[in-house]
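Below: one structure in structure tokens.
Chain naming follows the written order as A, B, C and D, and within any one chain the residues start at number 1.
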Amino acid sequence: MTGHTLVTGVIGSDTHIVGNRILSMALEDAGYHVVALGALTPSEDFIKAAIETAADAIMVSSLYGQGELDCKGFRDLCIEAGLQDILLYVGGNLVVGKQDWDGVERRFLDMGFDRAFPPGTRTNDVIESLARDFAARAVDAGMADR
Amino acid sequence: MSYASPLDKELRPLSAQQIPGDLFARLREENLARWPTGAEVDLDEAVEYHLSLPRHKRLPCVMRQAEAEGRCLTQPRGGFGTLELQIELMQILDRDGHADVVPTTTDSYTRNERWEQAEAGINESQKEGRSMLNGFPMVNYGPKRTRQLIEAIDKPAIVLSGTSMPRLTGEVGYAAGYTGYLGSGLAYVTSYTKEMTIEEGIRNYQYLDRLVALYAAKGVELHRRQPGFLTGTNIPPSIAIVTCVIDALLAAGQGVKSYGLEMGQTLHLIQDAAAIRACKELAQDYLARAGFGDVATPIISLHWMGAWPQDDAQCAALVAYGGTLAAIGGAASVTTKSTHEAFGIPTPQANAEGLRMTRMAIYLARQIRLDEHPEFLAEVDLIKREVRPILDATLEIGEGDVAVGTVRACEAGILDIPWSPNRQVKSRIMPARDVDGYLRILDPGDMPFDKQVLEIHTERLRRRAEREGVPLDRELAVSSVYEMSEPLSRLVPDLFTGK
Amino acid sequence: MSYASPLDKELRPLSAQQIPGDLFARLREENLARWPTGAEVDLDEAVEYHLSLPRHKRLPCVMRQAEAEGRCLTQPRGGFGTLELQIELMQILDRDGHADVVPTTTDSYTRNERWEQAEAGINESQKEGRSMLNGFPMVNYGPKRTRQLIEAIDKPAIVLSGTSMPRLTGEVGYAAGYTGYLGSGLAYVTSYTKEMTIEEGIRNYQYLDRLVALYAAKGVELHRRQPGFLTGTNIPPSIAIVTCVIDALLAAGQGVKSYGLEMGQTLHLIQDAAAIRACKELAQDYLARAGFGDVATPIISLHWMGAWPQDDAQCAALVAYGGTLAAIGGAASVTTKSTHEAFGIPTPQANAEGLRMTRMAIYLARQIRLDEHPEFLAEVDLIKREVRPILDATLEIGEGDVAVGTVRACEAGILDIPWSPNRQVKSRIMPARDVDGYLRILDPGDMPFDKQVLEIHTERLRRRAEREGVPLDRELAVSSVYEMSEPLSRLVPDLFTGK
Amino acid sequence: MTGHTLVTGVIGSDTHIVGNRILSMALEDAGYHVVALGALTPSEDFIKAAIETAADAIMVSSLYGQGELDCKGFRDLCIEAGLQDILLYVGGNLVVGKQDWDGVERRFLDMGFDRAFPPGTRTNDVIESLARDFAARAVDAGMADR
């Protein structure tokens, strides 16, 4: 166990559960405590679950193209709920159509996500990324302690 | 969040019987009042319009002709967030793509009856100058304006609305002049919803199918279609066929006479051909036994519904092969994808290109059939042996009523769907590729398959696991989800270096 | 204009016997003196170099492995006018195309031994900064500089020189480190020359094959390959196979042990699979009977060799299907084309894309075989019944010597090639597509086919003529030449409007 | 019979005979007297045949890509041989690779061909074009008479 809790789910009216489920399984296998909200999850449910389980990160999936509409203001909702520091990942087919990834990534980082992942991302890459980010936070936290 | 007509539930116990006319009139009234454009639906005007359409713009007619001539038609998917974009899209698919059937895919807010959100999406799209919705918000536009789409093309048009709540989209679509509508109760509840019950889904589609019967009573023949692809994720033919037959029985019960059955491709030439043949025969068999010998059930083959590779060239091969599989398999139509599939909704041009690749592949397939190929015949037989026990158990548990049986069968796990987001099904059944590239059942969940049949599946999966030197476990199913999206260097490594 | 060694003719009557060692030494001397780079050919150095190559860079080895594993390899064509362009091309085909075998196509001046013109072409290409030649002028560069190409890739390389005069290109190519060379006497004389005699062509390729035996005597195994595609224009399988077997017998006579047989695709799944099977079996049968039971004859299937359509999407379908046909047919390798085919020599990128489409299609074909399909078995049988009388008559008229027999058979019209530019063959035989898309023989010319067999062909062509409402005449052959290059609207017209 | 004589052939070291043969057959069917030189025909042979048969036009095929090299100076050869007015058509895959047709056409017209035809040209188009060009020449000739 890594000791970290992650909330996963597919945001909005999106039913694409397969990748999210495989990701959730892989994260569990990697030692995380995973709270899987499944498909068709409103933003509010992510935040509620994160508060209830004192989660360290929220992993938002969006595949169906309308993620850009659904994810607007997600960080603000977190901040309102007192989750200003929670790690926010988003991944999938985030926008409508085949768009230049750099532009898409920028848009989602601007929305307040810590990382955005392009179509086709494999679970290993996510796990590595999480490990690095939690490690960096631990160091930061350590430094803050000192 | 999800709409289930209170009136329907109150006045009618769940059954496969046709909804009585007076009740249906009340249900329609209730339904059409839910959003302002509902008031625009004028059945008599719509009937008149339909009767004015030429033969080649009527989908039931076109499907019948295709079957009679042994042709395999092409149809893409496609929907954009505004009327202007949608007109352009449909014209390009018609003209540059030679599409035989032109689609209108609705957006996901519409599918979930979140029309306010859809309205916002229209506005955002107009503001940004690009589609922010993943489809066309048909209900917001209403039947009158939507009819512009029908007028813009000289082909039959079909509504593709992956929804378990088709009551209003159906009314709007058919009133606008669409002659086909894709969707069904069992299939879409289990693949597009999380909380909705099977019963609600069945009731919602009984409404749509009853509407089709109402049109029929006024002389207008409309096409309905079942999406056997379900979650699109390695659905073994038998699972697809079970849902096809159940939904077909439900539709026939409401009076539908032209009911297409969709089958997602397994991407195995022989298994796909066998699946098409088995589906055709089983559907007609069960329909006839239920007294519906007069329902046409053309088979529609779908380009690979699982995850796609990111390389255009690999995608082109998948697209073209999809045409080959549909044509050699004897499907009446094929629903196409494009080289953009892994990334997002295709541009109209990429979409049209996918249509042309497919159409050329269909030409190249000539009239080749595998009809007497022993491996094909064995596979048809195997699929039938898989399907029958499930269907029979479903009908039995329903005490003769297929609607009731379906609900109970899902509860009992007799019916199960792989990778489903829905909480009402167990989603314990797990498919995976076998050693020869056939889709097989790794874990049957609680589905009452024949033991000998399952042994065949297990044996072939075991051989794959052996060849790859991995255990016979869930990972086989997960790697089968990724398989087709892998880069070439993994799929066909170098002969000597294995790179 | 065309080179025929005076020494060869003087000292050796035409025969299928192996060229004696001492005579061959003199022939080599004479040959290598024809262009300055000939002096660079140093057999012992070349042998040493070949022996230093790893297994995966040796084509005979790679072909054998492919056959053993039931794999279908991919190989493109490709040649540009300068060394720099050619290096880049081969690296792209290797890296981006995943080509299993990397080609060097020579330019047409080189093929016709017009090395001065080729030299001018190199200069023009360098001046214009684009290739003005349609291939790589290998002889002008000579073996030493050409070896840079072999060093630039980590795959086996093959010389593609559609020439009836391979003596010097062959020396240069093998000395440079190529381990394969495509071309043969009968096939290339009849499809690439106008005035040259069959005898000259046979002698020229006997030289090349004898050279391979010389390398073999020094421990270096090299691959040779026969281009059964001939004029690439609707060649029925039987015609291709007849030439394959004859050229194979001639090569075996000189001591070749690894001899690939190419078959242009007919684009009919069953006919192509049957052709591959029949070719394999007939070649081994006739070789064994002639005492050459130890010659490996892997089959190479070629993407459509006739006219291509101008639409990229249609081409993509042809490319992908070409992979399907080769893999399901059981070919050991497939030679690929690209979406640029109708226009001109493809860019390296388009070429690589064609390779990837094909490779994906091969993956999708799994291990599917039609082995027990009745229609397939019937077609194999038919092809064999076509081939045997022609081969037997050829051997007979040669009084046991296949070289002599071939010359006489061409004179007598026993052997004939459709659409040949060569004056030595009658080119009266005319192929056309039949009602089911099979390539059939419309007019046999003077070829001694069995009467019953011809009736089958005629009957099926008549059914096509009837269906199209046209007479059973030469137009069927001409329209069959255009067929695949037609736009989609003609190939698959609209269901109702026929547009 | 149209009364016109045409010389056809494939120029240079080019063996692509199929299209040329179909074209020759179609021209004959259309009533022309066709002198078919076949594949692999040097420039000089075209000119010689044109003089010998008093041809009205030369139809040069080039498919294999090296046509640009082979056709250089073809009009000059004609002029030298006293065929300054002969109608010169060229068609096929005239250059190496897939190039913009307008540019290719311009290059061949600059070389002195009266018309150049792109890949995929059908025989009907050639026949129509010839008819038009011969008719225009007849009118010109008529006017010159007056």
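List of remarks:
Everything that follows uses one rule, which is that a contact is a pair of C-beta atoms (placed from the backbone, for glycine too) under 8 Å apart; a residue touches a chain by one contact, two chains touch by 3 or more.
The structure displayed is predicted, hence computed values, not measured ones.
The centroid of the Cα atoms in chain B and the matching centroid in chain D are 56 Å apart.
Per-chain CA centroids place chain A at a distance of 31 Å from chain B.
Between the Cα centres of chain B and chain C there is a gap of 45 Å. If touching chains are joined by edges, the resulting network of the protein chains shown is an open path. Contacting chain pairs (ordered by label): A-B, B-C, C-D.
The residues of chain B lying in touch with chain C in their complex are 55-56, 62, 65-66, 69, 71, 73, 98, 100, 267-270, 309, 311-314, 316-321, 323-324, 328, 353-368, 370, 372-375, 436-437, 488-489, 491-492, 494-497.
Within the complex, the chain C residues that touch chain D are 107-109, 111-112, 114, 117, 120-121, 124, 130-134, 191-195, 231, 233, 307, 310, 340, 342-347, 350, 419-421, 478, 481-482, 485. Here chain A touches chain B in the complex through residues 10, 12-15, 17-19, 21-22, 25, 38-40, 64-66, 68-69, 93, 95-99, 119-120, 122, going by the rule given at the top.
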